[in-house]
Amino acid sequence: MIAFVLRRVFQSIIVLLIVGLIAFLMFRYVGDPIESLLGQERTFEDIANLRERLGLNDPFIVQYFNFLLGAVQGQFGISYRAGVPVSQLIAERLPATLELAFVSGLFALIGGVALGVYTALRRKGVIATTIMTASLIGVSLPTFLIGIALIWVFAVELQWLPSNGRGEVVAIGGWTTGFLTSSGRASLILPAITLGLFQMTLIMRLVRSEMLEVLRTDYIKFARARGLSARAVNFGHALKNTLIPVITITGLQLGSIVAFAIITETVFQWPGVGLMFINAINFVDIPVMATYLMLIAVFFVLVNLIVDLLYFAVDPRLRVERPSSK
Amino acid sequence: MSDQTDNDILLSVRDLVVEFPTRHALLRAIDGVSFDVRRGEVLGLVGESGAGKSITGAAIIGLLEPPGRIAGGTVTLDGQRIDGLPLDEMRKVRGKKIAMIFQDPLTSLNPLYSIGRQLVETIQTHMDMSESEARARAVSLLEDVGIPAASERLDAFPHEFSGGMRQRVVIALALAAEPELIIADEPTTALDVSVQAQVIALLKRLCADRGTSVILVTHDMGVIAETANRVAVMYSGRIAEIGPVADVVHEPHHPYTVGLMGAIPDLDTEGDRLAQIQGAMPRLDRLPEGCAFNPRCPRRFEPCATKRPELMPVGASLASCFLHDPAYADLLPREAAE
Amino acid sequence: MSETSVEETKPAAVIDPKDAPSLWTRIKRSDVWYSFTRSPVAIVAAIIVTIIVLASVFAPLISPQNPFNPAELNLMDGFSAPMEPNQFTGNVYWLGTDDQGRDIFSTILYGSRISLFVGVSAVLLAMVIGIVLGLVAGYRGGWADTIIMRIADVQLTFPSILIALLVFGIVRGLVPPDVRNDVAVWVLIVSIALSDWVQYARTVRGATLVERNKEYVQAARVIGVKPFTIMMRHVLPNVMGPVLVIATIGLALAIIAEATLSFLGVGMPKTTPSLGTLINTGQDFLFSGEWWILFFPAVALLALALSVNLLGDWLRDALNPKLR
């Protein structure tokens, strides 16, 4: 097991190095850092000084290494547009994105598993077929249209919920949270549904098909043949087996929530890192773009590692050495 | 077959019909099957794959795969009808009165739970026992089925056992609530040949000790000959022949049984090539008119292609074949009349 | 090289009757047409797609005005509600007008034109990239295979919209600021294509691996037929079925991706709006009650994306009877 985890960590580091390289290349070659940092009034001497100071004259590998070193220490350069360190921008905006991602991930997970189990157990039922048909259409709807539809109904027509921003936030240390105020919680609802709906549909369909598969297995038949209650069979035996393959894909889905947050944050003007990224693209603010890329990569890699570890926790077959013969 | 009210009879199946509605046709997998199982006896159920032997077992315990359903007939256990029982009632029968053992021990156990947990869960479902009582019973069951160091292995997971050991665990699970009848569906087919005999012997011994009846579903006549008291030979969803195992093996009356016996290697008659039955069992949607076996039957005669034979007594057995029907005796081909 | 493969991939052109069943015979054998006539969903979807495609191709002929020619616009016509006479001019617009007095119906026609153009071009480009890389990876094997498939794996880990955004940002950074709006269409096409080539490459690589070791390919190689010719004649026809399915579903995804990018404000500029840009513009007026500026472009986008998607689903089932 330790060997396996080490291998995964090694693979993750490779991925991070590659993403770091892309970020570095962007940093170094897309858009001219000299152009961006010095104004119109500049002398050749200024340029030469700055080149030397930024290390632009060093060999490629040295520059890359210094870039990585800086990144590890949380130095990502200075935003062309805002003129402040990117790390500061990220620190201000990350709580908003993480809170949104957390709530919608929870929503997607609970809703997806519950609906998946329901539609698998009531395969022929009217409600289940309706849910399945709706999900089929739901998957092909663009996220931003769902967000707009929710705004239209719940913010414009019914005026129940706010349609943009985070509402009032409370600062705790360096973290700003919307969980503690009623306007903060109300502001979370529509964005969280928008962001979680697509993932929920995917998880639901996955849970359903896996559950149907498991319900056909011999050990479920054998559990029934032993007279166990439907509850024990469906939730004790079938559900746990269903969740094993679901964990991987669900983990990856939840990982991509942070990336999909870009769209939701734009629709709801949610002041998170996604909105920051969109603005960075608009203004070709390379340091911010590159940093966002690395942030997402780190997040994905972490989620992947957690998923792998969860596997060990759930599946006893992985915990022990396999017997020599089957 | 003795009287239905006979106290000796545990399970009685009468005119059982099982149908599978498919998109193209309504398939009859079981068509009018009747037999009894006496207390403490082992009834063998043999036939080629697709003959309906497993489906008969599944129908008795009420676990037909949808869309399959019992379309006719009755199943009576201890004088109580159990076909079409509501699910809650049926659940009290399963495991408690009738247990089932499946073919593949590798897939019959939930891989995510220790065998102890699966045993305790089953015991507590049917018996009013505390956790520790149930664990003690689980240990003694594992000892009964010959798992070494049972108390230590209680918390082991299925994948930590070999195939033969897993099937022993499965047998322990089936015996957990002292059922009166065990339906064993090809219990050794998936095992190594070396452990097959052990597992069969174990099953036979345990059931004999407890007076448990067994329906042993298999395609292996050898296993039946060693284990069963009586045997029913199935063909295309019907019983071709049923009777005491010695009679059916040594003096088969149905031409299909004759062919089946000819296909068993016999050390006494060395030199002879194994006899084979020509052709294959017809598909359920292409059943021939008359006797389902008639296109392959070497002794086919006039009524076979048009009428369906019912079971009729021949010696100590019953066979569904017109060769033994007095009404057609004068139509018999000459060599068969001897 | 990529140019050639587009031409060669057109069905019928490369089919040699002596070969293993070609795409066209397989289509006939799999009764695609029969299955089409039997599927009401596919028929309705096909009709909707056809109407939208024709309407956008002939947009200049059909639309009541050219909404992007300022000379044809009248600011007084602004904010007309659908089917109601304008309070100043009395003009009636079917689907209403926006703040500039642009007829929504006309903007939708011109908008779908751009959406379709970007979608189709992106899919074609992705297809070419994917097929070429897939062929190379599968046929050459070795380090080329490793590199290509590694990139594909890493890319698959991330949502394609993120890749598209990133590519868009990078390409935008490379383009001089003053022409950014003019080349937006091409930047958009490239970024969507680069986010979407992986599936083609994987499919083609798989098929190539299977074909590569067959005897006739070995024989052809021995008698000196160029690898490129072998791949074009023998491998490509075998994968055109799955590629077609991926492309159809990919078209729906590309249309949605384009709309999403434009909605996010990083796609088509407001001067040449696609459906996504129109929705972005319309969102501003939702709170002031001019719902139609947003609503009708959104419906058009939905109808287009959903129909193409349903067509893709149907095609997948029809070309792959095993799944039925």
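In this document, chain identifiers A, B and C correspond to the written order of the chains, with residue numbering beginning at 1 in each.
The rule we apply is simple: a residue touches a chain if its C-beta (ideal position, glycine included) is under 8 Å from a C-beta of that chain, and two chains touch if they have at least 3 such contacts.
All values derive from a computational prediction rather than experimental measurement.
Viewed as a network of touching protein chains, the structure reduces to a simple linear path. Distance from the centre of subunit C peaks at B, each centre being the average of the chain's Cα atoms.
At the centre of the protein atoms shown, by the Cα-centroid criterion, sits A. Put simply, the C-alpha centre of subunit A and that of subunit C have 26 angstrom between them.
Measuring from the averaged C-alpha position of subunit B to that of subunit C gives a distance of 59 Å. In terms of their C-alpha centroids, the spacing between subunit A and subunit B amounts to 54 Å. Contact residues of subunit C toward subunit A in the complex are 154, 157-159, 161-162, 165-166, 168-170, 172-174, 177, 252, 256, 259-260, 263-266, 279, 283, 286-287, 291, 294, 298, 301-302, 305-306, 309.
Taken together, the subunit B residues at the contact with subunit A in this complex read 61, 63, 87, 91-96, 99-100, 102-104, 106-114, 121-122, 125-126, 157, 159-163, 170, 173-174, 176-177. Of all residues in subunit A, those touching subunit B in their complex are 217-219, 221-230, 232, 236-237, 240-241, 244, 314-317, 320, 322-323, 325-326. The residues of subunit A lying in touch with subunit C in their complex are 15, 18, 26, 30-31, 137, 140-145, 148, 151-152, 156, 252, 256, 259-260, 262-263, 266-267, 277-278, 280-282, 284, 286, 289, 293, 296, 300, 304.
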